[in-house]
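Two complexes come next, and they have one chain in common, chain A, joined by chain B in the first and chain C in the second.
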Partner chain A sequence: MVDRMGTWRRRHVLAGVVGATAALAAPSILRAAPSGKPVRVGGTLSLTGFLAQTAQIHKIAAEIMVEEINGRNGFLGRPVEYVLLDDQSKPDVARSLYEKLITVDKVDLIQGPYATAPILAAMGVAQRYGKVIIQSSMGIPKLQTYEMAFPATPFGPNPEQTYPNVILDAMASLPTPPKTIVILTSKFPSAQFMAQGMRTQSEKRGVKVLLYLEYESGNRDFGAIAARVKEANADFLWVGSLGLESNQVLEALRKLDYTPKNHFHLYPAPGPLALSPDGKNALCSTFLEPAEPFMSRPGVARQAAAYKERATKANLPYAIIDAQAAGMISEWQILEAGVNGAKSLDDKAIAAFLKKNTVDTIYGTLRFDGPYNHGNAEQLIKQAQGGQWKVVWPTKYAAPGVKLIGS
Partner chain B sequence: MNANALPRLAAVLGIAVFAILPTAGVPAFYESFFYIVFFWVSLSTSWALLSGFAGYFSLGHAAFFGVGMYTTATLTTQFQVPFLATVPAAAAIAALLGIGIGAVVFRLKRLRGELFALLTLAVTFVIATIILNTPIDGGAGVFMSAVPMPDIMPTQTGTIYVLGFAMCVLTLAIAWKVAHSRLGMGLYAIHDDEDVAEAKGVPTFRYKMAAFALSAGIAGAVGGIHAMYVGFLTVGGTFELTVPLYVVLMSVLGGSRHWLGPMIGATVITTLLYAFISGGEAMIGRAIVGLILIVAILWLPDGVVPAVQQWLRRRKAAEVEPVAVVVPVVPAAARPVGDRNILEVRSVTKRFGGLQALDGVDLDVREGEILGLVGPNGSGKTTLINVISGHFPLTGGTIAVDGVEIGRLPAHEVAGRGVARTYQIPRPFVNMTVLDNVALAATFGGPTRPAAEIRDEALHWIAFTGLAGKEDSLPAELNLHERKFLELARALAARPKLLLLDEVLSGLNPAEVDNAIRLVRAIRAQGATIVFVEHLMRAVVELSDRIAVLNEGKLFALGAPREVMRDPRVISIYLGKAYAA
Partner chain C sequence: MPSATLLGQALISGVLAGGMYGLLALGLSLSWGLLRLVNLSHFALAFLAAYLTYELGTTYHVEPWWSAMLIVPAMFAIGVAQHWLFDKFKVNELASLLITFSFAVVLEVAIQLYWTADYRRFETHYSTLSIKAGPFYIPVLELVLCLVAGVLAWGTWLWLRRTYVGKALRASAEDADIAAAYGIDHKKLAYLLSGIGAGYAGVAGTFIALIATLAPAQIWAWLGVVFAVVIIGRLGNPLGALFAGMLIGASESLAMAVLSPAWAPVVSFSVLIAILLWDPDWL
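Up next, the complex of A and B:
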């Protein structure tokens, strides 16, 4: 009984000590949370219009990052507020809204919009007002001519040269490397840009280009194109596709009883291609997938889980973190690093810091000291295996046991 | 201050305020926002010049706008032409494109309505494909960041604003001028009934070409300026369907037949689109904008401006008694018929494929004469009226009016040579008031006169036909009797040498017929020469100096009324035994 009473007393004393310690520590915890006037970061996304579906991914990623940053110390101890406007998928509207953010709303900092045309429209405004702009989805780096514009995705300064060689290196590693190639591309600027690079690099490396075809962006009827692809019967089919175009190309080929030997797709909708039987062993560009070694990078597992939860709640068709969402996460990581590194919200100071330093992001360590403020190219290759995307090249990024499968 | 001075003063003040905005130190966003408003005002107003005024509904405005954008982009980036110099070039090339399309499609009557809309849409795709597959774009897009902007204003945004504003003012000035000119009047008539417009003397082909060139040219110039605003052009972004859809929506909301309508629509819609830009309300905002537009269009199907005009007219009508012009009673005594032939029809034939509608008709009508044209249904009476008035081209033979050959002339030139006609079923211009209907006929059918004189002339014939007090009414507000008389007033306002009346008495009750007969006599008493097609034999006998009977496309009988009526052959084929008895 005495013992029991002693136990009771010890428990209560211990609880009292813990409680008192917590009470004493509380002010210091409160001091760590960001406070004061919020730092307002303005940006637009194409929340309506033809780019809306992809912009939703960016919006969710941005919200996750703003919460994450505010959960740390905000920007310089102040909470971060994301002032998000809808550019309606129109570059002219994007331009006017960035002017609104800067000259009327007087935001402290800006973030880039989604897609090349709105980014270029916003970049002009940023340049006129001397603002740092970070973007993640401009596939033609040479157009980023503003010295305070920074890429959040590691395309490298010349992806039209570097990435085709990554692909050709992967192909060369196969037991039977392809000797001929068919290049098929949408006339969408960033896809066409890469396709032309692919043609040049293939010819340089002795892979014979049997057919180079361009189709109009938004084309739905690939019957005639498929017939020519089948007739060429190359060892490797490279498709500069967007959205569902790859599925449509492969379906048209299937109707002709033709299965391409090896096939690569540039920017397809990830879910439909991986899940389609036509997409078996399809190769595709990526920068990150929710697997090792990427998940071991700091914070990625948490971000991937948060993204999955929110994307599922928002009824997104593909609720798994990929390069689109990662691009926006990287944008915020770079901005946070720039502000913390410069210890200032001054755009020039942030830009100066970023040019001289590296930043650890979801994509790994990025630097911005090369042409067009780009660093190393880190474009990878993933393959649809068993209905899932798996990074297969370069091999150092492949998960244990995952290998590139050839025809 | 008179009633016109206030709007003018407001317009001048408005222009002055907007012109100095870039120097007032307002945030650049407002310059950008107003630029976007100016952009849509110019684009939708330019669309309305052809599609609203003339009724040629185009879905291809993106083609002209896009041609303008790419003209400026190509000239500035590939040929280093200064930006400002490219804007007139953009307008010229877009206008030439419009003229080229118009030269083909406006010659074909079947390419009206939805076919014209689809054709213009197809043109957009063709142009986009050409630009996409040539070095003009090639698929890579055109980046214009290196193109220098002229220093018109202290900032780039200010300069773009001023250019957009100037374009907007110029566009509205052109629209106002067109709406208040012969061209505008002709286009409105084309909108309502192109065939009748042509018959009333409107050179429809030329006017449509002018409207198309203006519409396309303005869209091209707007595109040229907008290329600099956007900075990066892609074919997909330039030739997208939202451009024609927006301009149609804006014009329809404001009122596409009024020069100011598209401006109201464009301002309202652009402002609404910018009212819901916050990331949290984007989708709901779009839905609200859509709902507002649906409600507005349901409640105001003709647009905001016409609705306001209608309301003002109703208020005015309630307050002010209509001023009836008193016309002296015209003596009903007939002038003697002259010896000179006003109309000479020689061996006229008209075939529709295998059908011989007219087969070698010879007919003279003397000055001041009333010739009754009768015959069974399908005998060729209305066809003869149609070939004389130029509505149908001749297959063979000649037709001369007052000694001048008109058989191969288009209808508007026939009208210009003094031939006016009415229609069996009245075909007034339904969106024009009674006064405007008659004034149009006086403008295009008669000699060139000042506007005030034309108005007086129109009022005279309105009163003459007993329509005084109905000047501001729309044709839909008239009964059949009044619409028939409106047909007469329009025909008379052209001061014709030859008046062709097609069953002007059909559908009237006996009292109205008596009234109409008196009116035709009064017209004839003023010296008009009349050919009138009629089935009502009492009127034919009472009015005609001679009667011509057509049967199976041939002149069957011709002579004095009593003689022709007694001709057994005429009784057999047309009048029947009952009438003979």
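Up next, the complex of A and C:
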């Protein structure tokens, strides 16, 4: 006897399996892999020279995003190709290379370089050729005067006013708020800019500035500076540092048997400071850390995992995603949103779309309708606790159980 | 007005920091003064030694003084090999600038390829140790550096003044043809001196690994100030290089304490210009 019922069931099960597979595969089939002539996006990063440490991070983040975008629909159905050149950390080289990318390589779109000086150089070229330029690391927003330049990091239009107040708010929440401050800063333009803002805002809020010191970027010996900081013995030490300068300052202080009561560092190398015993309870600026609530944002967990894998493979000593990598991810998210929104590779159409719309990025929803095309300021404060960075301020961004620790 | 404690501490910090300038200037001064070769790759060799010390220390947990036992002879060999090239292609003083600059750039790129451009820091438990002397603190590592620099500078000075080889080298630097007429083989001695200069870069590199932050671009951070030190200390004078290093270090540090840290880089070149204008007999 033929088991018709069994055959029928098997056929239905088989049909169901095929149908389910087709249904699951449908979005990717309908989307289709991007095809045709690639959309070439040109940009430079400081792959060599004194800014190279950070450029490596941006390069990895950009590669992740290009793959991610090509895994979706590319730009308007065409694959995206990132034409990356090395500006050697020199603004004049950046200027020449952007000129070359636009006039010789004839790229369709451009992405911004890293750091204020190369960005300013590239922005001039972008303006001359009417190209949209998105950047993530111009620490002095008021210099972004070109109407088709867009920030990918939420510094806000006046970080020299807003961020010092975020820091001072955090300090004011401590059981013993600091009454005196020492401001020590590199003369690197974006650090110096913030330091001057910190001095002004501190004075406005009645925190006495005992000492304001500027040192040349790349300063080798912090012994004498440490002696001055120790002698001032303020309640709060604010350091406008870059890279390992913070570690050097704290080590020089330790050699004098001095530990600052509360200390903040602007742009330090995150890994070495968090892991150093001197970095205990150090405060630092950030926009995102790989913890809640940030990891719940769409795609962040995947991007953080991809970044960790690639940064480890590239032998970077700190392979954890942070605000630097996030800046580049945000750049590409904004460009993708601009192209999709404008349904065009035309720079003017993309700029017009971005000015009128918000974009969901790794940093949350960004808008570009304020002064210098900036939206809200979203600077946060993280603290080195137990060898890890934890966002502590504003408290709504702190993970459950994480609190700001004072002296 | 800064306190006496602050001034004293700044002076101590500066003199000890100047020890590093002197140590880096030592090999450069010998090469420039006695071989008439301006070896810009000296800084790259020092940083290569620093990275090797870092690598041996962090990956294989080799103490830096043991690393130095390996690295200094290796640097000596590189110095000899480098001189073989100079000799083969008959490189003169001006051409040496360009060739050694190229060599330094190649080394910088090689360092970046292997260790990446990221900052590296060799953390040791003794890196922040200090000796307390009254109100002052003397960093142990910098003190050891100064002592090593002092021993090397003094030893080299004695070697150049008291030994036949040293006198022969000085004679060749004065007039190679006349020295050759007296049977001095300048070429062989030049290999020895080139090796010693590179070996000193190896010693400096060991201390750079322990004291400074490592990044490939940092190779060039010392160039200006060390050149000033070499000139102030007089070419080919090892003790002069050390004292000039300490003078510049102390001047920079006092400027940081009394004026502003931003003035420090101006000081080294101001001292250089002042001394050149003064034109003392010993220069």
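The rule we apply is simple: the second predicted complex is superposed on the first by the 380 of 407 C-alpha atoms of A that agree within 3 Å, B and C clash if a C-alpha of one lies under 4 Å from a C-alpha of the other, contacts with A are read in each partner's own complex, and residues count from 1 in each chain.
Just so we're on the same page, a residue touches a chain if its C-beta (ideal position, glycine included) is under 8 Å from a C-beta of that chain, and two chains touch if they have at least 3 such contacts.
Owing to the predicted nature of the structure, the values given are computational and were not obtained by experimental measurement.
K.L.:
Could you tell me if A:Gln56 is touching chain B, chain C, both of them or neither one (first, second, both, neither)?
P.N.:
second
K.L.:
Scan A:Thr48 for contacts with chain B and chain C and give back first, second, both or neither.
P.N.:
both
K.L.:
For A:Lys100, is the partner it touches chain B (first), chain C (second), both, or none of the two (neither)?
P.N.:
A:Lys100 sits against chain B, while chain C stays out of touch.
K.L.:
Have a look at where A:Lys187 lands relative to chain B and chain C in the superposition and call it first, second, both or neither.
P.N.:
Both partners, chain B and chain C.
K.L.:
Is A:Gly112 touching the first partner chain B, the second partner chain C, both, or neither of them?
P.N.:
A:Gly112: touches no partner chain.
K.L.:
Once the shared chain is lined up, is A:Pro34 touching chain B (first), chain C (second), both, or neither of them?
P.N.:
neither
K.L.:
Touch test for A:Gly338: chain B only (first), chain C only (second), both, or neither?
P.N.:
neither
K.L.:
Which of the two partners, first being chain B and second being chain C, lies in contact with A:Gly218: first, second, both, or neither?
P.N.:
Both partners.
K.L.:
Kindly classify A:Gly279 by the partners it touches after superposition: chain B alone (first), chain C alone (second), both, or neither?
P.N.:
Neither partner.
K.L.:
Determine where on chain A the residues touched by chain B overlap those touched by chain C, and list them.
P.N.:
47-48, 187, 214, 216, 218
K.L.:
Going by the contact rule at the top, pick out the chain B residues touching chain A in the complex.
P.N.:
Spelled out, the residues of chain B in touch with chain A are 27-33, 35-36, 39, 129, 132, 138-141, 143, 145, 155-157, 226, 229-232, 234-237, 273-274, 276-280, 282-283, 285-286.
K.L.:
List the residues on chain C that touch chain A in their complex, please.
P.N.:
2-3, 5-6, 9-10, 12-14, 16-17, 108-109, 112, 115-121, 123, 127-130, 132, 137, 139, 212-213, 215-218, 221-222, 249, 252-254, 256-257, 260-262, 264-265
K.L.:
Would you tell me which residues of chain A are touching chain C in their complex?
P.N.:
Checking each residue of chain A against chain C gives 47-50, 52-53, 55-56, 89, 187, 213-216, 218-221, 223-228, 231, 243-244, 247-248, 251, 254-257, 269, 272, 276, 278, 314-318.
K.L.:
Which part of chain A faces chain B closely enough to touch in the complex?
P.N.:
45, 47-48, 59, 84-86, 88, 90-93, 95-97, 99-100, 102-104, 116-117, 120-121, 124, 128, 143, 145, 187-189, 192-193, 214, 216-218
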